[in-house]
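Each of the next two complexes has chain A plus one more chain, namely chain B in the first and chain C in the second.
So, the complex of A and B:
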């Protein structure tokens, strides 16, 4: 009745299985894998090469900032590792379905017994290889997290890796249902409806919220930070190219969550300076009504409701239809770039 | 050590009630679905009234229709009324006043509409209920895909849309957490471990009726105006939301209680009710998966219970657990929710692993490869699942030091998950595969779950997560693991075990049509959504970039056809079971599983004698057939002489397996 004790010595990891448990099935193993491996290698190589040289450079979020480049690079590296794994399983499954189907006329009878129940070598190498791959992915991910200072992700109020740049533009992102506004403390604390950034500059985003949790997602510049009420959440990136990018809310924040988006711009440094100084002057009349610049704002500072932060009355601070309804997206960008900011306090 | 060799008669939880007994209630006084519905409505009205009375005059209460206290108490009393009406509270209430209860068990068809203590009846009740949940959630998914047909023209308004999204997510999560453990677990576990019953029949029934109550509670969200938070219910949006939010919180509260009960019952059953000789090393891999799932159910769900209670207090008293502005923390909800939520994700994956690993050997005619590694993988996934929850908070502003740690744990969990692939791929190696319908679902499981798992590694990498977090990529990832993994495995299990449960085989041709439609259109629905997510579409939006319309429309049309595949299943089920039933052979798949060694459908006592298990059920294609169990252990002493049964008995003693029916038949006061 050795079948009954099949589990005990043979399959134990580390134990040297006696006799039959170790012997590979006669004739079979190398034969099948000699057919599978070339197919797999060819497919994996083709897939990886096509990805790296053809698809990879176009993978979102693109290359408008250091964190975007980092995210794209990471995605592509993970893809290079993942594609061979996926293909290995698929090639094996396809080969198995084709070769070992019962409907085949010359299908041999399968062999049970201890050899079919466990194989120390196969199990050991499976576990070893997956462990190495996983640990490599972890080390890679951690390094990538440090190298571009947080990779554009949320660092909380106390970032542990800061960029070493001397000149860093601080931009405060204030989220509320259902729009983002932006404050520039270095330009008199002015507030705008559109995010404008200078090129080739480290930006420190300080993200906070006036009501519920939002998420500030500047897509093409590879930044995503949750906006929490009463919390200053920080992320860094360095812009690399001029152009337009999309800002979306990516944390469900109520019924108009889908309409909570706008477009930002990266301008050349001189164009940004010009824009910032003129806007600061133009905004001065509004800025004096704003609460003084702070890392977070109490909801009562939100002059739109004037009441407690919890929306008990059912009135929303903004009419989203008015802002987003039928306005074509492109027109919205142009008009809001030149429009004046909404004062957010009534005191 | 006690080995049960007594015959079935007079043993076990459920006996057919002798007719004409005076102790049985007349039909018009008996409790069933109708009395439950009546008392549920009455309970709601009572609770609503109480809530209005105790909160009248408080400043935060605006109108009666928006009074959270009234709605919450209404829903809670409604659930109590439901349990009273179905008879779930008869026994505890009777014992409180020192009385015995009246036997309620019926043998006619009405047992399916009553508080039945028979594990096989509860299993069937669960099956209908999870399918009802699943199809309700599926219809809501169709509505979501309809709204997403166009980027800017709206078929349903944003308020309705966000309610439907939340309702879809919540219903599907509730359904998926009980999808396998409920129907297949309750029905099959006693059969697979050679027992006549579950450990706690009343708890088993109560967990089902709580689950059912949860269905009604979560549906009340729609008439109450829905909830805008999605299934994750993030505060402070939760505190801001209208009364529909109360349905969400009470619904999850009720469901979580049901999950705790169901989990404990399965754990107690599997540990204590295994037949003699059924050592841990001989247990079906499916039983292993249900055991680990049950541990997660019983230990993760209390966190959800607490979170829901705190949320309800925030909305009614009002406390401020989750309100930063009043000294609470919105992170508290996120942490509590995901500390439940991530084990929950594996509650929805492990039973699927178990089903495919259970079915593959049968259709491959080979033993399960690396059984121990497989069981270790299930245990490993279960343990690690408690240490990954903060990867949901990568972009939330948690302590940045935590991110590498949770990246590590999240990636580590792919090692034990890989074991599940090892045992599957090892089993089909040099096998003889019969592509019956359940086998097709198993192979599709490996195809889909691979994509779901690999994309999970992308999401666990924090720099990549910056782009993917909160977008359609995440959505596709977990639909690949839950729908592509668990639900495929579940349908494989349904096709496989229907001959066992109902004694009839589902039509093979229709089954193949169902499978191919489901497989093809599942992939055509969710693969494009990976791209949609990469191209910056956040989840739960009702309008999106015009350039993404083609991909979205493609996914929507595929989703309709994916929905249609379930219509094929329903047609198949109705046709094969009621319209043109074909009696199935006793063991149509030629399985070694213990559950197939008794009649199909099983008699009420499951096994004539409690079997003595001699081996694990995966001894296929061996020169000398190895019987899985001795089903008539009258000659037990004789068998014990040859060493096998002696080993079995020693295993029973050391492995902690106690006897099944009769020692338990000392009757914990069962009706």
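So, the complex of A and C:
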């Protein structure tokens, strides 16, 4: 066993005559790792630099929100860590295939011998490096999930990683086969066909479903939250760019699941306010008939049974009316709808 | 058994399985409801009059419905005025479409009252039995029967709720095709403008697939019954 030459495969090393184009150090094989490392280092550095400066800024989901930026950053960091590992394997493989190819007249016999038995140095560094890489990825991933308030992912009904921002816009995402609608408790509890958000604002998405399990995936703003019936699933993000984004259902929810998408908009704060106040006025004729704003709505009520008129499920159609955070909704319609499930009049 | 025999048997069974799979798949894929064309129903540029009905029970008298007990749309064929059992229709692009829907089914509150509002039509309103409306309160509709179905084209933002009927009335239509001249119905009319060429899906937002999980299986999701396409052609 040779402590100095790493993976140096040898069988009766030294007995081999030096091959053409090869300058063996005195007394045997060349130091193969010393040849591989510069090649690997140059490739890894070039690959990482090109990725970071050329490809990285275009990596999905883009930079429309804090969570999108976070996802892009995480992806790029993980790529930067993974690329050298991949290249190490490839460089080693290419080097081995070339150097120890069988057709070479002076190829050393790579199988067996004391060198194949164990090599403390290689084992030590193998375990040390892989442990560091994996633990670093674990710590990095955990921090990147917790610090940016859940990173745009679902945190269930009682989020523990909340943004510290004082002002947040609450938007309720209501999924049903096969369309998303959106409710704005701070704009009279209006419900809309399209998701419109103000720029530079923290958004608290409250995602729920009226029937089966869906998933709300606002791609370019880096938010993805499962939509479960009778569950208020919360996720946060802060918008940082105006533009259009795609909303898709990302949980197979029936035959028209593929048709369950729409396009959302991030507008400037003033444009959003204009949109929201005019839409609130326009929707008012119907908003007064909507159930009071609640975090969840019973999926089996309201005609869900296919029976006429009466809810036979015995469940209340709505969860208790609630306010979110420190700032309650500006006004909420129909403050007390009867909690029984029989159809009520709109007055 | 010789080796070649065994190979022949395996290959034979494999061929049988392939044929079976292909035939089963084709039975689903190749079975499509007919398409009613409104392309030549009027001179180019003129308003198209699309007439449909919704039946609580489609019946099997015409069209040979595979599920005679399911709730379904029917589309009136221009010229012959036959009620074709389908939800596929050709419409001309960039044209005004005047829609009449005779709704024969009973009703209920909407699961999401959001779909009680008329959107995407010309004037953002519709007429129920001749009276203009913008919203139907599905808990308290004009004749108290809730909403039977909604005609909703999500990609065009079109949504029109269709009021339900009283099942206890003598003239309530128990199976289709129903007759607007003699049977109890609500009549909803509205107009919209077709966009460019494309396939626009429509569905109903009353989960009326009775007996299915969350009410959305069966008729609700099936082409020819409650799910369909407006195919806009040049």
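Structure notes:
Following the convention adopted for this analysis, the second predicted complex is superposed on the first by the 265 of 347 C-alpha atoms of A that agree within 3 Å, B and C clash if a C-alpha of one lies under 4 Å from a C-alpha of the other, contacts with A are read in each partner's own complex, and residues count from 1 in each chain.
The working rule: a residue touches a chain if its C-beta (ideal position, glycine included) is under 8 Å from a C-beta of that chain, and two chains touch if they have at least 3 such contacts.
Bear in mind the structure is a predicted one, so any value in this text is a computation, not a measurement.
Taking chain A as the reference chain, the count of touched residues is higher for B when chain B and chain C are set side by side. Of the two partner chains placed around the shared chain by superposition, chain C is the only one that A:290 touches, whereas chain B remains out of contact. Contact with chain B, but none with chain C, is seen for A:61 once the two complexes are overlaid on the shared chain. Residue contacts after overlaying the shared chain place A:178 against chain C, while chain B stays out of touching range. Of the two partner chains, chain C is the only one that A:191 touches; chain B does not reach it. In the superposition on chain A, A:212 contacts both chain B and chain C. When the two structures are aligned on the shared chain, A:256 is found in touch with chain B and with chain C. In the superposed model, A:100 makes contact with chain B only, not with chain C. In the superposition on chain A, contact of A:145 is made with chain B only, not with chain C.
By the touch criterion stated above, A:84 is placed in contact with neither chain B nor chain C.
Chain A residues 211-212, 229, 254-256, 259, 299, 309 lie at the interface with chain B in one structure and with chain C in the other. Per the touch definition, chain C reaches chain A in the complex via residues 106-114, 116-117, 119, 134-135, 137-140, 145-147, 152, 154-155, 157, 164, 167, 201, 203, 205-217, 220-221, 227.
Partner chain A is touched in their complex by these residues of chain B: 60, 62, 158-159, 161-162, 228-230, 232, 234, 236-237, 239-240, 281, 323-325, 330-331, 364-373, 394-401, 403-404, 407-408, 411-412, 414-415, 418-419, 421-422, 425-426, 428-435, 443, 446-447, 450-451, 454, 457-458, 460-467, 469-471, 534-536, 538-545, 614-616, 618-624, 626, 643-644, 647.
By the touch criterion given at the top, residues 174, 176-179, 181, 191, 193, 210-212, 229, 254-256, 259, 262, 283, 285-286, 289-291, 299-309, 343-346 of chain A touch chain C in their complex. Across the complex, chain A meets chain B through its residues 1, 3-8, 11-13, 25, 28, 32, 59-61, 67, 70-71, 74-75, 78, 82, 85-86, 89-90, 92-93, 96-97, 100-103, 107-113, 116-119, 122-123, 126-127, 130-131, 134-135, 137-138, 140-142, 144-145, 148, 150-161, 211-213, 215, 217, 219, 222-226, 228-231, 233, 246, 248-259, 298-299, 309-312.
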